[in-house]
Structures are given as structure tokens and as C-alpha cells.
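The two complexes that follow have subunit A in common; it is paired with subunit B in the first and with subunit C in the second.
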Partner chain A sequence: MGLLGIMSVSGSALAVERQRAEIAAGNLANSESTRGPDGKAYRKNVAVVSAVPAYRNASGLVSGVQVDTINTVNSTVRRYEPWHPDAGADGYVEYPDINPAMEMADLMSADRSFQLNAAAIQSAKAMLADSLEIAK
Partner chain B sequence: MIGGAPAIEELENLTNGTAMPDFIDSLARFLEVASSRQQFIASNIANANTPGFKTQDVDFRKSLQAALSGETNAPNPSEVAGLSERPDGNNVSLEREALAMADTEARFKVAAQMLRIQFRQLSTAIQGER
Partner chain C sequence: MSMISGIQPRQTLDSLREATGPVHSEFFETLQAAIKNATEANEQAHTTAKQALLGSDVDIPEAMIAMQKAELSLELAVQVRNKVVQAYDEISKLQF
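Take a look at the complex of A and B:
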């Protein structure tokens, strides 16, 4: 695989980081959603990421990365808003348990990791171009 | 090991009194070690957010020596000691990896350039100046 392997490894990371960003954005957008398609409050999603063998080079296994599962955090916060159409009989409304600051931090982390992985691909590209130059 | 000595130093050691074909061979091994190290760095960066993932790296100088002495052509990756570990068991330091990536790329570039010059000289020797 050599230098092309770098592209597949870093490429898998680009996909994972994009998905993490999507999930964080979805959580942010729905931090006040009291009603989803199932009629219940939105639940926070979390991507579970794991290392996965991408290929084996002469030195050993090189790991890529993948999203294992997307976990749903099954907790809500209750606010007393009896005027709200989604309020229960006791006047409490279930809101998703989402902390926007944490989601922002997740979003930024995914963003930075995406950038660095893109830089790794650039670097592999430059090295490939350099090795082509040898033959000129 | 992050940077260590500049790329040039190891290349200078390669040139010491070697005939051109040997030097070309050495440069090829140098490129192989650099490319192999870059693969592990890319994997570290890809797994910067993977719980429990440990930084893997190859020691550039040792691997090069092993490759040149003909022991083995494949650098041995090992877990890097002395990095601070996050609560989730991951110890990838993005600064370290970014630096290592730039370092390895520079080494590769220099060696590729030198290889190119060697081939050009060889071709001049064959064809004469035209």
C-alpha cells in the first residue's frame, strides 16, 4: 500500500470526523426539540469511534478508524411549563439533555481533526509527487 | 523521537565513501523507512479520538540503520512512551504527530531529490553532456 495507504487511513478518518460533526450539529439543532417523529423529546446522539485494521504493511498492521455505533443517550431534563402543548399532566415538559457548550466543543474537535487528517493526505500527495519526480 | 537531527545529517552519513549504486540503494531504503513512518503517523492522526488507542511510531535512525545493515527492511513500530494519556486511554498528541509528519515529509523530499540527482549523474555518465 505504501503512500497510497496513508490516503485510505486518513480518508477513513475524514469520514469519521465528518460524521462526528454531523452528529454534534444535529444535537445542537435539536437541543430544544420536545417532539420528534416518535412524539417524544429528541435524544442526544453520540458516535462511538474505534480503531480498525486498514491494511498490513511490511512492518505491521496500520490502523484506520471507523464509527462503531451511534449511541443514543436516554436522558432528558424536565422543565415546568404547563402552558406548553407537550407538557404532561403534571405540567412538566421533557427536553433533551443537551449541553450546547459540550456539543460546540465536540464540533470544534471534529473540525480540527478533519483539518489535520486533510493535511496528512496533502503530505502523502506531496511525497507521491516527489517520488514521481525521481524518474524525470 | 520527533525531529532529532536534521534530515541532512543522516543523508551525509550515507554518502561516506560509497559507490554510486550503493548510495542509490541506500537512498531507496531511506525512502522506504520514511514512507513506512509516515503511514504510522497517519494512523495515529486518524485515531486521535479513538478511546484506548496508543501512539505507534518507528525510530527513524534505528530503522534506517537496520535497513542499511540488511537486518530487516521493515521498520518495527512500537508504542511511544512518555506521552500523557487522556482518561479514555488515548495518548495521541496531535502536535507531536503534526511535527513528525512535517519532519518525515521533509526527509522524504530531500532523499527523493538526491536520488533524482544521482540518476541524472548516472545518465550523464552514460550519455555524456548533450
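Take a look at the complex of A and C:
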């Protein structure tokens, strides 16, 4: 596998970071959604990431990464808005417990990690190209 | 204090030579393997790129990586082929 293996491992990381960005974007978009398909307020999603064995090299196991599960944070924020159509009998509306600043930070983190792993792929590519140069 | 043992003779090289048979076949086996790898990588890249273009659930980075792998595998096959041809040229130039 070697250098092509690096590409697969970093590629799995690219896929994970893309999914983290998607989840953060979904949370940002729905930070004010008081109603979802189930009729209740939107709940914040969080990706749980885990290592998966990719291949075995001379010194041991090299791991890729995957999104294990997408967890739902089951908390809401209540605001007193009696005019709101989704308000309860007491006049409070349930809003998702999402802090846009935190989601933005998550999004930036995913973006930077994506860049890092893309750079790792570039390195593997350059190393392979250099190896092929030896024969010339 | 442990004694420093002498260098063990390499028996594996002889057995390897017996196993591979005529010397030239090693070259062509390498070439065949390189071409096989390149073909497989190319097919993989083709399917992934097609799926990405058709908008199915394939990552664009995944398609790019598959294409890059195909390109590098092909490059490797070409380099091995160049070496084989170069060796053949050298031999054909031998004067008796």
C-alpha cells in the first residue's frame, strides 16, 4: 500500500471533515427552527468520529477514520413568545439549544482539518512523483 | 555480556533465485504487475469520476484521489516499461 495507502487514509479524513462541516451547517441553518418533521423543535446534531483499521504496514496497523454515529443533543431553550404559533399553553416556545458561534467554530475546525489532510495527500503525491523520478 | 555472533550466510537469496527461474522473467513479471495495477486503478478512477459526475453519493475528493492514484500507477508502469526497453536496447547493441 505505502504511499497510495496514505492517500486512502487521508481521503477517509476528508470525507469525515466534509460530514462534520455538513452537520455544523445543518445546525447553523436550523438554529431557530421551532418545528421539524416530528413536529418538535430541531435538535442539535454532533458527529462521533472513530478510527478504523485501513491497512497493515511493516511496523503495524495504519488507521483511517470514519463518522461512527451522529448523536442528537436532546436539549432545548425556552423563550416566552405567546404570539408564536408553536407556543405552548404557558406561552413558551421551544427553540433548539444551538450557539451559532460554537457551530461556526466547529465549521472552521472542520475546514482547517480538511486543509491539513488535503496537504497530507499532496505530500504523498509529491513523494510518489519523486520516487518515480529516481528511474529517470 | 552476550557474544557477538558471526554473520549468517544468506540462504534465502539462493532459494529465491531457484524459485524465480530464468532471470529475465522477473522484469516482465514486474512490468505485468505494474500494468495490472495501473489498469485496475484506472477502472476505479473511471467509475468513481462517473459516479461523481452523475451526482450520486460519491465525494469529489474521493474521485480526485482515485484519479491521482490511476495517474501515478500508470506513470509507474511507464517507468518500468522504459527500463525494460532500455535494457533490451543495451543488449541489442552488444557486439561479439
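What we mean here is this: the second predicted complex is superposed on the first by the 136 of 136 C-alpha atoms of A that agree within 3 Å, B and C clash if a C-alpha of one lies under 4 Å from a C-alpha of the other, contacts with A are read in each partner's own complex, and residues count from 1 in each chain.
The definition used in the following text is that contacts are C-beta pairs under 8 Å (C-beta built on N, C-alpha and C of every residue); 3 or more make two chains touch, one makes a residue touch a chain.
Given the structure is predicted, the values throughout are model-derived calculations rather than measurements.
Visitor: When the two structures are laid over each other on subunit A, do subunit B and subunit C clash or fit?
Guide: These partners fit in the superposed model.
Visitor: For A:65 in the superposed arrangement: first (subunit B), second (subunit C), both or neither?
Guide: First partner only.
Visitor: Is A:2 contacted by the first partner subunit B, the second partner subunit C, both or neither?
Guide: In the superposition, A:2 contacts subunit B only.
Visitor: Check whether A:46 is in contact with subunit B, with subunit C, with both or with neither, and answer first, second, both or neither.
Guide: It touches nothing on subunit B or subunit C.
Visitor: Touching A:123, do we find subunit B (first), subunit C (second), both, or neither?
Guide: It touches subunit B, and subunit C stays clear.
Visitor: Contacts for A:15 in the overlay, against subunit B (first) and subunit C (second): which applies, first, second, both or neither?
Guide: second
Visitor: Where does A:136 make contact in the superposed view: on subunit B (first), on subunit C (second), on both, or on neither?
Guide: A:136 sits against subunit B and subunit C alike.
Visitor: Using the superposition described at the top, determine whether subunit B or subunit C touches more residues of subunit A.
Guide: Ranking subunit B and subunit C by residues of subunit A touched puts B first.
Visitor: After the superposition, pull out the minimum Cα separation from subunit B to subunit C in whole angstrom, please.
Guide: Value for subunit B versus subunit C, nearest C-alpha atoms: 8 Å.
Visitor: Once the two structures are fitted together, what part of subunit A is touched by subunit B and by subunit C alike?
Guide: 135-136
Visitor: Spell out the part of subunit A that touches subunit C in their complex, as residue ranges.
Guide: That would be residues 4, 7-8, 11, 14-15, 18, 118, 121, 125, 128-129, 132, 135-136 of subunit A.
Visitor: Looking at the complex, which residues from subunit C come into contact with subunit A?
Guide: Touching subunit A from subunit C are residues 59, 61-62, 65, 68-69, 72-73, 75-76, 79-80, 82-83.
Visitor: In the complex, go through subunit A and note every residue touching subunit B.
Guide: Spelled out, the residues of subunit A in touch with subunit B are 1-3, 5-6, 9-10, 12-13, 16-17, 20, 49-51, 54, 57-60, 62-65, 109-110, 112-113, 116-117, 119-120, 123-124, 126-127, 130-131, 133-136.
Visitor: Subunit A touches which residues of subunit B in the complex?
Guide: Its residues touching subunit A are 31, 34-36, 38-43, 45-51, 53, 56, 58, 73-77, 94, 97-98, 101-102, 105, 108-109, 112-113, 115-116, 119.
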